[in-house]
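Here you go, one structure.
Chain IDs A, B, C and D follow the sequence of writing; residue 1 opens each chain.
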Amino acid sequence: MADQNNDHLVQSDDPDHPANLIPRLCKQFYSLGWVTGTGGGTSIRKDEHVYVAPSGVQKELMRPENMFVLSYPTPKYPPTARRYIRKPLDLKPSACTPLFLAAFERGAGCCIHTHSQWAVLVTLLVEKFHGKGACFEISDIEQIKGVPKGPGKGMHGFHDTLRVPIIENTPFEEDLTESLEKAMEQFPDTCAVLVRRHGIYVWGSDVAKAKTQCESLDYLFQLAVEMHRLELPWTQRG
Amino acid sequence: MADQNNDHLVQSDDPDHPANLIPRLCKQFYSLGWVTGTGGGTSIRKDEHVYVAPSGVQKELMRPENMFVLSYPTPKYPPTARRYIRKPLDLKPSACTPLFLAAFERGAGCCIHTHSQWAVLVTLLVEKFHGKGACFEISDIEQIKGVPKGPGKGMHGFHDTLRVPIIENTPFEEDLTESLEKAMEQFPDTCAVLVRRHGIYVWGSDVAKAKTQCESLDYLFQLAVEMHRLELPWTQRG
Amino acid sequence: MADQNNDHLVQSDDPDHPANLIPRLCKQFYSLGWVTGTGGGTSIRKDEHVYVAPSGVQKELMRPENMFVLSYPTPKYPPTARRYIRKPLDLKPSACTPLFLAAFERGAGCCIHTHSQWAVLVTLLVEKFHGKGACFEISDIEQIKGVPKGPGKGMHGFHDTLRVPIIENTPFEEDLTESLEKAMEQFPDTCAVLVRRHGIYVWGSDVAKAKTQCESLDYLFQLAVEMHRLELPWTQRG
Amino acid sequence: MADQNNDHLVQSDDPDHPANLIPRLCKQFYSLGWVTGTGGGTSIRKDEHVYVAPSGVQKELMRPENMFVLSYPTPKYPPTARRYIRKPLDLKPSACTPLFLAAFERGAGCCIHTHSQWAVLVTLLVEKFHGKGACFEISDIEQIKGVPKGPGKGMHGFHDTLRVPIIENTPFEEDLTESLEKAMEQFPDTCAVLVRRHGIYVWGSDVAKAKTQCESLDYLFQLAVEMHRLELPWTQRG
């Protein structure tokens, strides 16, 4: 009768098992200032399971047994097939879960959500200078080569213009799902969506890709803020 | 006849015992720049005892045996019942102690005091632009959801305006107690009070809440300073 | 028949062996923000071998077995003698390799490539205020003593003007080789070349020199950006 | 015949022995950005010996056997009595040594030299706005309580004005000794001297005092630069 809560799903000796990897990633993201004050989150899909860090927990102190697990049957399944098959009794699931799932449905293997101040500041600067419908644009910076041009299209070239769509924030995080999905449709090549006054969602086909793309984007946001302060334009067009 | 100094109160194998936890927290706060040069401090209430880090000690090097312990009898007791029942012989108690106690009397389980530069800069900017009686205000930033609206009232909503009162600094830290208590009465929902040109006191019902609320506030102060530099208003009202 | 891939070249108990040292350096560089998102790289020459970190790998997670090794016969050899004698099967060689080799041909023992934002910002400020042909110049800062005046010429003096040439970036990193070599000829005393909108290459006769020179230069770039913001000139001439 | 080089002076099981403590401090100072690129240094006096970190070594990698030791006979001795009684064969003594000794002659037990960018920027701002003879002044910031008012005079009060003299840099570090000693005479209460375009020397009666005073000063320099950017005056007088 043991393990009614599927605890075996979060018990592994493999340091790269999602239940071990998410806590390690979150600790690293904490030191980068991405998940301060329980903000942000991370999710990994592995075969038929999706692992999600819980809500409201100090991200640098997370442990494997704190992970939520959803069933994620393949091949193409009805959305109703998704359900929590493991819940830590004393924790709440992350409000980001539907947003992570939106990325997984587009083939992602890992999705990272940060509250990076550079991301927030970029959304504010874009709004101030280009208005609400505009997306973040930058070109002619080497680091944009660290962001893919789209699924199967390789990485951005140095002279390409990287565009990251920005959606408006909502009072409840789960209500972002619809506009996030819309942005994913309008920008089918993007691997990230900025959320105004909130942060960013970045995904990739595996953990390494999601993490390094998130790093490259954060580098570009920080550089863009510094460039703005020094009155240097983000693209060659000005 | 041993242990006249109640050394047993700071000896525990539990890593989360206050005598072990305060040094670990202080080391983390040091790396965040909150307790540079012996500044700042941390206190935890546990049952009938209050643990306080000593004054004038390098915060990243603290050890359990450096902790002061006060008796804190419950239920409601006369203030005279509070007294040090353990004092490290070679150390001085923190001048913050009466301020920590003011938080504990309002139900806090942990109180953190930082000298964060972002907190100090915010108090200076508020004074310059809104005058001495004004409090810090920010709204429409996701991270304010990490700060509670008041005891039993849940967290701030995205569109709510977070207000943190600011009191004037005094030459002697213990003299802050009266104005801190007055601010607590005027802002009964606040979990923090800024001290102009000095830093901040943040409290919560337990260590995790006090710490994550302190992180969320510090995030907001840093963002507010950066927003000010970029001529972005802190609230939608401007 | 074992070891057809020369795995023995990356197996050593010596912590300072290039195969062990490059991962340790890359981890440190990651924490300095120099190799975010798989950017940047490091190469060490040891006797007849050149060790290079692979492309597209998380720099803080590198392992000895991830290293590429080139044969580098001495004395003076035909360029055709350089070839990979060890390739990790699942990794791609770094596009920086020809650039690292250019430094080794000028006597370097170690070459470091970073995407430091301070380096990038300095290249943008120099272009904006002095145009495309200009190099970065700074004088009268103590830290320039940490940068050599040229091979066999000792370190810069406090009143000397340190000059670092800047070359234009190219869409493909290997295409930088020609202009890098030209800059090395025009500035035969330099130990570094900045790449506009990209980063920097720094070399030295051994690992310690390359690393500390890279640190001193990065310190100077950061200081120069801060000085510019405070309207302080980089040289006494203004 | 063993130990002609007095190696026993740097061999101790006590983690707080100067030969063990200096490497640990230097590693911490490296992570604070104070001793980048082999810059800066630290020295401790213990009884009849003065321990000094060597010149030109990566500060985060120092080891006890890298320490230089000078004889420092007490009571009052002729300056000629000071001499190196232990020299690591492959290293050069620090050019800061005469500057450290100047502090020890005034009763210091530890002296720290950093190249902190905040210190350098403060010296540049003071020169620009107040001219070459001026010293750094700040008041009405809580952290100035972390800096002593003078030997035997306790710490600065909140409303006191903290003054740190600034001397001009010289091409050779040892040539700073005379002006450093002159500043120590003109400001007999100071525990620190800034060096324009170079960094700072901070001392204290023991390691903890020197280190925490250095931290408090660096905090104040950083805050002062940020205040300047936000057009906030350093003292109430403006």
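To be clear about the criterion, a contact is a pair of C-beta atoms (placed from the backbone, for glycine too) under 8 Å apart; a residue touches a chain by one contact, two chains touch by 3 or more.
Values in this document were obtained by computation on a predicted structure and should not be read as measured data.
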Each chain counted as touching chain C and chain D at once: none
Fitting chain A to chain B on CA atoms, where both chains share a sequence, rotation angle to nearest 5 degrees: 90
Distance between the centres, which are taken as Cα means, of chain D and chain B, whole angstrom: 32
Whole-Å separation of chain centres (CA-atom averages), chain A against chain D: 45
Junction residues of chain D - those touching two or more other chains: 229
Topology of the chain contact graph, where touching chains are joined (line, ring, star, complete, other): ring
All touching chain pairs, where touch follows the definition stated at the start: A-B, A-C, B-D, C-D
Residues of chain C defined as touching chain A within the complex: 36-39, 58, 115, 117, 120-121, 124-125, 128, 169-171, 195, 197-199, 225, 228-229
For the chain C and chain D complex, residues of the former touching the latter: 140-143, 146, 157-159, 208, 211-213, 215-216, 218-219, 222-223, 226-227, 229-230, 232
